[in-house]
């Protein structure tokens, strides 16, 4: 579990609910038709914007924002240095035996062991990285769009409420409550966008950036192994991906 | 039919109509002059912004957002691997016989069969991709602009209504309904932008990205065939364009 | 005449005037001091933003948005293929005799005929394209800025009107008309920006993109001629700049 | 003096003052605490945003927006052609004697005369250009930020005024004037941003673009001289930096 | 201490407090639930947006905006020239003895002394620079986001207050004070964003740009030393990183 994601959402909603309770009844903040317009409209517009499989993929990706599967860059660097040592001792063919969960690393090792053309290996790894980024960017784009449509449909709901209220201005006493209801959809849209959609898009982007670093370490490591650098220089180069603080604590091989 | 596009638009409008019905008569939401200003103004401004043939082309392209013509990347990869096998068995000249609906693939095969200079093939394919993107980007730009002009002319309509209402503030009773009418154009503009124009621009962009992947697979495949890689390595490289999940299910040749 | 530009502006203003007439007198929408603040302020701020010669050049360029001087990409492709044929039959020196109105094409032909270094030809053509884009981008930037300053000075005018109205709230009856006048400048600014400045900036950009394609065809054609490709391959390559539909209709040489 | 800058600012403020006079007393538009919040807050936030020396440098740069020191691209081209002729007649060493006020040109001549490695000359000139752009971009960024903070602090001032007014709603008669005062800071912020800060940022950017062209002419000219092109071809290439109209009037050497 | 950062924040808040005092009691500007919603909501949303360690790292980085640790580019240039002289007199191996606090410079010297492949040195230094930029960009992004969430939660707080006020419109006298309280959260959000979060993000960016220049000087210096340029030419090249004014005052070696 990524505690920060869940913690932030719970604390955020708790604060809003607290402020509502302090000011009186919570029932005046519930308006089912308003909720339907904002939530329904937002998702309808998102379905028009993206192919269905991308919307579903994004929600799968959004769930990832709550999960934890972080690989520290130091570990990837260590792995690559270890592979460099193996390839030096036992030859490039030995890389075929490397066992790893990382699909890119596996593919790179296999291509190196196959003695493939360095240019081909380079192209393959770069396509792999671009494909990963494109897939993640789609999920990020879906949540960003949700974060744009939610306030827009909040405003549309408020406009509907205002038109209805203004066209039957008979009883001055009814203006206040009717306007309160009209404003509610704007409130729903702003809250959903700023506490759910936009932040989740941000978390997915942070994840993508971290994963990108990891893939770049593998890419640069594979390049060095192919050019037959010695493991110490491989470490020197790859350790540049780690922040200085963590570098020191990891020590030098 | 791309179900998501039509489904999203219908559900979105149904929700809005539902909220209007719940609040009373639907007739107070109909204002013909207001509709004319928003729709007419939006299209007039769009005609000034783009050459006429680009506007018409965009509407043709917009219709595409409702159609389905998706080619799965896996299929393009399989095609390229098959072509690689043919070219290996029967020589590059055999590519002239390849039959395909994809214009770019056809052109690439012909140029390879003609034994054209690799640099020329590369340039030709890259120009082809750039031309495709430029053509699609124009359609996307038209819908994005429609999505910007609609709320702007909605606001212009509201300003006209407000000025008219305020300049004849004789009867306090008429303020409400007059203001309701004035607000209507803002409502029209926001609804059209957020449920039609901006989402359709998004769908067209998603289509373009998918088509781009397809063209890139052809580009990278042709490059590999020219450099005479074996079909297995062509598959290794091109499969990097496919997401890991679909890769496994497709199996390895 | 580019009909779309003029047509759009006339239809747009006609719709707005129609809505005004429907609602009553047109005189309440005329406010000379308000017009002066919006138009004057917008142009004053533009003069501070750009050097005077660039503002004047932009207005010259803006007039271009109404004119028509479109060269179809197919024609440029045909011209380049014809030149390739001439250069093949009669040698590169024959290019000196080529007659054309296009300044870039003329320069390129001359440099090729002079037997200049390919690197120099490349640099010269690329500088020429960059200079064209820079010049056009200045005009586009001027109209974009006009489209940003107009609503800003519209708002400034409204703020002035509101302050004056609020500071002398003696007669409640005068509030309405005074506020109507205050709102007028916002209306002027929004209308000018969305029906004139932003759309014209868009049309100029569309023109620049079309001209860029044309220059790129010349650039790629000249490159191919220098590398002594045969005219058929020159056509194969350059036809990639044309959309598939127009390609077929043009036939193959 | 760059007349346009001063002219625009004076005309803009004159129009605003005119509109104020037409509507009554100018004294209702003066509010010292409001001015202090907008001006003080804007500059305070800018001091937090940029290192002090960059803020001071930007104001020096801002003054440049009023000065004139324009070098026409034609003149730079002529100079480079002249230098090409000298270097041809008298050898590259003769460039040491070239006298020029332009620091980059001086440095380039000296490096060429020193017979430095072409790669080093290229690197040096490109660093010089990047340093110039970075320095100017800082000044542009400062004015852009001023143009963003001014309306923000205008709104903050208005919020303070509104809270104060609303919390003591005893006398309905005082509402109008109190609200007028509250709105004033929004007016100050909008006026300063749109007539001073944003336009000056624009002028500085225009200057930077012009200077960049000049440096690029020197860069491309030096490259050509090193590659020992003849002066006529140097002119052919560099004249591409000039707009066609000015090219003709300058004639061909 | 970076005086400008602290000075700006103190002066900014002093001006705002001054304006509040002038208008009456400061107590009407204090609303604890409002403060909790704005501060709490902003931080909650930020915790959802970024991994926890990045938020903490950003606050560490934010503190840096108050500290001073500026290294003048002239000094870095002098250091690199000195190193060039040493490497010339005593050979590249002598660089191992260079003592410096700059981690990148140390690494570069060590790699040069180790006689590593120039390509490897280049890659290593570039990765190091990219890692530094990525780390700083995360901190900048956190503060930018804080600056976006603060006004958003300010608006959310105001919407809550408005709904509560409007739904119990019994006593007209209570409208004013209730609305004043509702507006307060918008005021909190705008003030925090424009006087703290956005400016600190700006200062961190300015720092990053300065540090980038420094790393680029080291990068270009190391390149020159490897290519065995003489110290005078190293100075000629690196001095291009310094603004002309400081260059002169520093003199020529």
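Assorted remarks:
In order of appearance the chains are A, B, C, D and E, and numbering begins at 1 in each one.
Quick note on the criterion: contacts are C-beta pairs under 8 Å (C-beta built on N, C-alpha and C of every residue); 3 or more make two chains touch, one makes a residue touch a chain.
Computed from a predicted structure; not experimentally measured.
Under the touch definition stated at the top, chain B and chain D share these contacting partners: C. If you average the Cα atoms of chain D and of chain E, the two centres end up 24 Å apart. Chain C and chain E have Cα centroids separated by 39 Å. If touching chains are joined by edges, the resulting network of the protein chains shown is one closed cycle, each chain touching exactly two neighbours. All the chains close into one ring, and from chain C toward chain D their sequence is C, D, E, A, B. Within the complex, the chain A residues that touch chain E are 2-5, 7-9, 11-12, 15-16, 18-20, 22-24, 28-29, 65, 70, 173, 175-177, 179-180, 183-184, 186-187, 190-191, 193-196, 198-200, 202-203, 206, 209-210, 213, 220, 223-224, 227, 229, 233, 236-238, 240-244. The residues of chain B lying in touch with chain C in their complex are 33-34, 36-37, 40-41, 43-52, 54-55, 103, 107, 110-111, 114, 116-117, 119-120, 123-125, 127-128, 131, 134-135, 138, 145, 149, 152-153, 155-157, 159-169.
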